[in-house]
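Take a look at the structures below.
In what comes next, subunit A is part of two complexes: it sits with subunit B in the first one and with subunit C in the second one.
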Partner chain A sequence: MIKVDQTLDCKGLSCPMPIVRTKKAIDQLEAGQVIEVQATDKGSLADIQGWARNTGHQYLGTTTEGDVLKHYLRKSDPNEVKEETKYPHVIQNEELAQRLTDKENIVVLDVREPAEYAFKRIPGAVSIPLGELEGRLQEIDKNKEVFVVCRTGSRSDMASQLLAENGFENVKNVLPGMSEWNGPEEEGGK
Partner chain B sequence: MIKPMTAKEAASRVLDGELFILDVRNESDYKDWKIEGKGIQSINRPYFDLIDGVEDVLELLPKGKEVLVACAKEGSSQMVAEMLDEAGVEDVYYLEGGMKSWSEYLNPVKVGDLKDGGSIYQFNRIGKGCLSYLVESGGEAAIIDSARMTDAYVDFAKENNLTIKHLIDTHLHADHISGGRKLAEAANGTYWLPEKDAGEVTFEYEKLEDGKEIVVGSTKIAIQPLYSPGHTIGSTSLIVDDQYLLSGDILFVDSIGRPDLAGKAEDWVGDLRNTLYNKYSELSKDLIVLPAHFGKISEIDEKGIVQAKLGVLFEQNEGLKIESEETFRKAVTENLPPQPNAYQEIRQTNMGQINPNEDEQREMEIGPNRCAITE
Partner chain C sequence: MANRTAIIASNGSMFDAYKVFNIATAAASADYEVTIFFTFEGLNLIHKEAHKNLPMPAGKEHFAEGFQKANVPSIEELAQMAVEMGVKIIACQMTMDVMNLKKEDFIDGIDVGGAMMFLDFAKDANMTLTF
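Up next is the complex of A and B:
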């Protein structure tokens, strides 16, 4: 199960209704929240991808269950991409990719939403969404080097600061993040 | 008030008229396949970019002219058409049934008379570039390379008091689902298919063979099959009434067939060359070539027919003027356009191996035919 903030039933509706309803629903969401859109219209797949691309909302992926397509979208925060990173210790995607084999001494912490994590992630990455991080700090080993990753480096920046404030001494923010990740990856559809 | 426009009306504009089209499908679908024609002007703005308002497209629309809004099925074009109407645009139409109907519309045109009183018709599936034929004589009909939408032929036969006797496919199609078998079952007619293309079929058929004659009507109108491999190994051309060469997907007006749709480009390129440069070159130059496809609207002549004399094609069709075998091999195996949508599933359906429902069949056929080496 992919964790979502809202589920929208567009089963049986044909074009343009799935997109029209998705738009209305996403307007009501907070930035960063994830919506699952259930549709039976096959054309909704290409259209929802196109709509997300043109509006800037983040298309996460689609799963299929029988005749039902489940599209996952994350509402973008208009400031998210532009926000300046403040946490000083950063590492580039490529450098992290080279360090992945050193499993004994590192932790890759993925602070995106579970739905984002579900479709594409760095092998072995631990999933703790930014919103839950403060309450789950004990799950992360303080003795290891922690690499924090999100989509564009902005949520991971906030997460890195949070970790630093809580006594984590060896934390790196990974830039630019999963949006341009070319290293090894794994995915889980469901 | 917005008004519907039928695919038939749109077809008449494509053939001889003008129309401005606002296509509201997504960009990749538009890029892949759209309504085109000499008098057709079109722009693409996906409907999902217009949900908040159509202001941005208003200035792109021609003033005082009809505007047709087109989408995949109909719903989105109605929505956008209504928005345009509310914004004050006059003469706004939506495409009834969407591109689905456009892909399925068949336009019958009489090609000419046969010597013994019969005649031959070309059924042009304009939206997809597929051509099929109906030969009638003495109250009987033979249909060649029929489309999936069999009603058009059944209705035509009824109106003209014809009994459908023979259903012939010149080859195993990879770009569209053949209506031949369905028509044969409904009319208790005979379904003909080249044996070499029918190796894996799951149904009964009559072998379309070199030397066999198919007689239509009481008067003798012979369809003489001519084995002409190249596009598929079994491809067979038909000579009707010593006047018409039904060339299937071997030779088109502006191009020649591609040999790669069964994954056998290298094997079949030699056959294709032999058919075109040796077999076809020995036929009468006065034969009128009637192909199973066209690639560009400009291949349709002023009478609305896709046709050309064989002699003219040997002078003008670039695919028939390649002297070196090596150059020919390169031309037909390299730089091929993308393969037709779902071509493997379509072949399996035509062999009776899978039985998709109507919606699935429709989905499989979406897009252009892409049976020629260049378009």
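Up next is the complex of A and C:
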């Protein structure tokens, strides 16, 4: 099960209804929330992807259960991509990819939503969504070097600052993040 | 600038209606600005009574069952949805005069205008479609 903020039932509906309903539903969501759109219209896969490209909302992926397609979308925040990075210690995707073998000494902390994490992540990455981080700091080993990653470097910037404020001394924000990650990855399961 | 889709609907069969309203509502879903100019037989697609019972094209009557099976929304619903989503509908004044139709004969939320009213929108559109 992928954690979502809303589930939208479009089963049995044909084009253009899955798109129309998705638009109406996402208008009601807060930025950052995730919606699961259930549809039986096979065309909805390409339609949802095209719709996301045009609206700027984030298409996370699709799973199939029998005849039902489950599309996952995250409502984007208009400021998300533009926000200034403030945490000073950063590392590029490529550098992190080279450090991944050093498992003993590093933690990769993924602060995206669980639905984003489920479809594509760095192998061994720990999932703690930004919104839950403050209450779950004890799950992270302070003695290790912590690499914080999200989609574009914005949420991970906030998470890096939060960690630094709470006594984590060796924290790096990974830029640009999963949106352009070309290193090793895994998906599915937990 | 936002994407703009300008559509001319000038035919009056059931098939034409789906082509027009599917494209229009999908575009509106993606936050495109959409204006449809309904002219000649196209006026049937927004006529209060006529659009509830649009004819299949000659020889294609057997598709009626397929429409039901595929659970396609009715044209009445699609037209209303288009209006709710901000699709601008222009009924052609000249055709209305020729056919002796009044604004009240059409669904709510439409405008009546001439060719220039449509062209004024279409000149800045990045997609112009005719059905």
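What we mean here is this: the second predicted complex is superposed on the first by the 188 of 190 C-alpha atoms of A that agree within 3 Å, B and C clash if a C-alpha of one lies under 4 Å from a C-alpha of the other, contacts with A are read in each partner's own complex, and residues count from 1 in each chain.
Keep this in mind: a residue touches a chain if its C-beta (ideal position, glycine included) is under 8 Å from a C-beta of that chain, and two chains touch if they have at least 3 such contacts.
Here the structure is a predicted model, which is why all the values come from computation and not from measurement.
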* Following superposition onto subunit A, is the placement of subunit B relative to subunit C best described as a clash or a fit? -> clash
* Is A:98 touching the first partner subunit B, the second partner subunit C, both, or neither of them? -> neither
* **Which of subunit B and subunit C A:17 touches, first, second, both or neither** => both
* To do: In the overlay, answer first, second, both or neither for which of subunit B and subunit C A:7 touches.
  => neither
* Asked: Where does A:28 make contact in the superposed view: on subunit B (first), on subunit C (second), on both, or on neither?
  -> neither
* To do: Scan A:179 for contacts with subunit B and subunit C and give back first, second, both or neither.
  => neither
* Asked: Which of the two partners, first being subunit B and second being subunit C, lies in contact with A:47: first, second, both, or neither?
  -> both
* Clash-bearing segment of subunit B, relative to subunit C, as chosen among 45-53, 207-215 or 333-341 -> 45-53
* subunit A positions touched by subunit B in one structure and by subunit C in the second -> 14-17, 19-20, 23, 47, 50-51, 54
* Structure fact -> Residue set of subunit B touching subunit A in the complex reads 26-29, 46-49, 51, 71-73, 75-76, 79, 363
* Across the complex, what residues on subunit C touch subunit A? -> 3, 22, 25-26, 28-32, 70-73, 81, 85
* **Complex contacts: residues of subunit A adjacent to subunit B** => 14-17, 19-20, 23, 42-43, 46-47, 50-51, 54
* Asked: What residues of subunit A sit close enough to touch subunit C in their complex?
  -> 12-17, 19-20, 22-23, 47, 50-51, 54-55
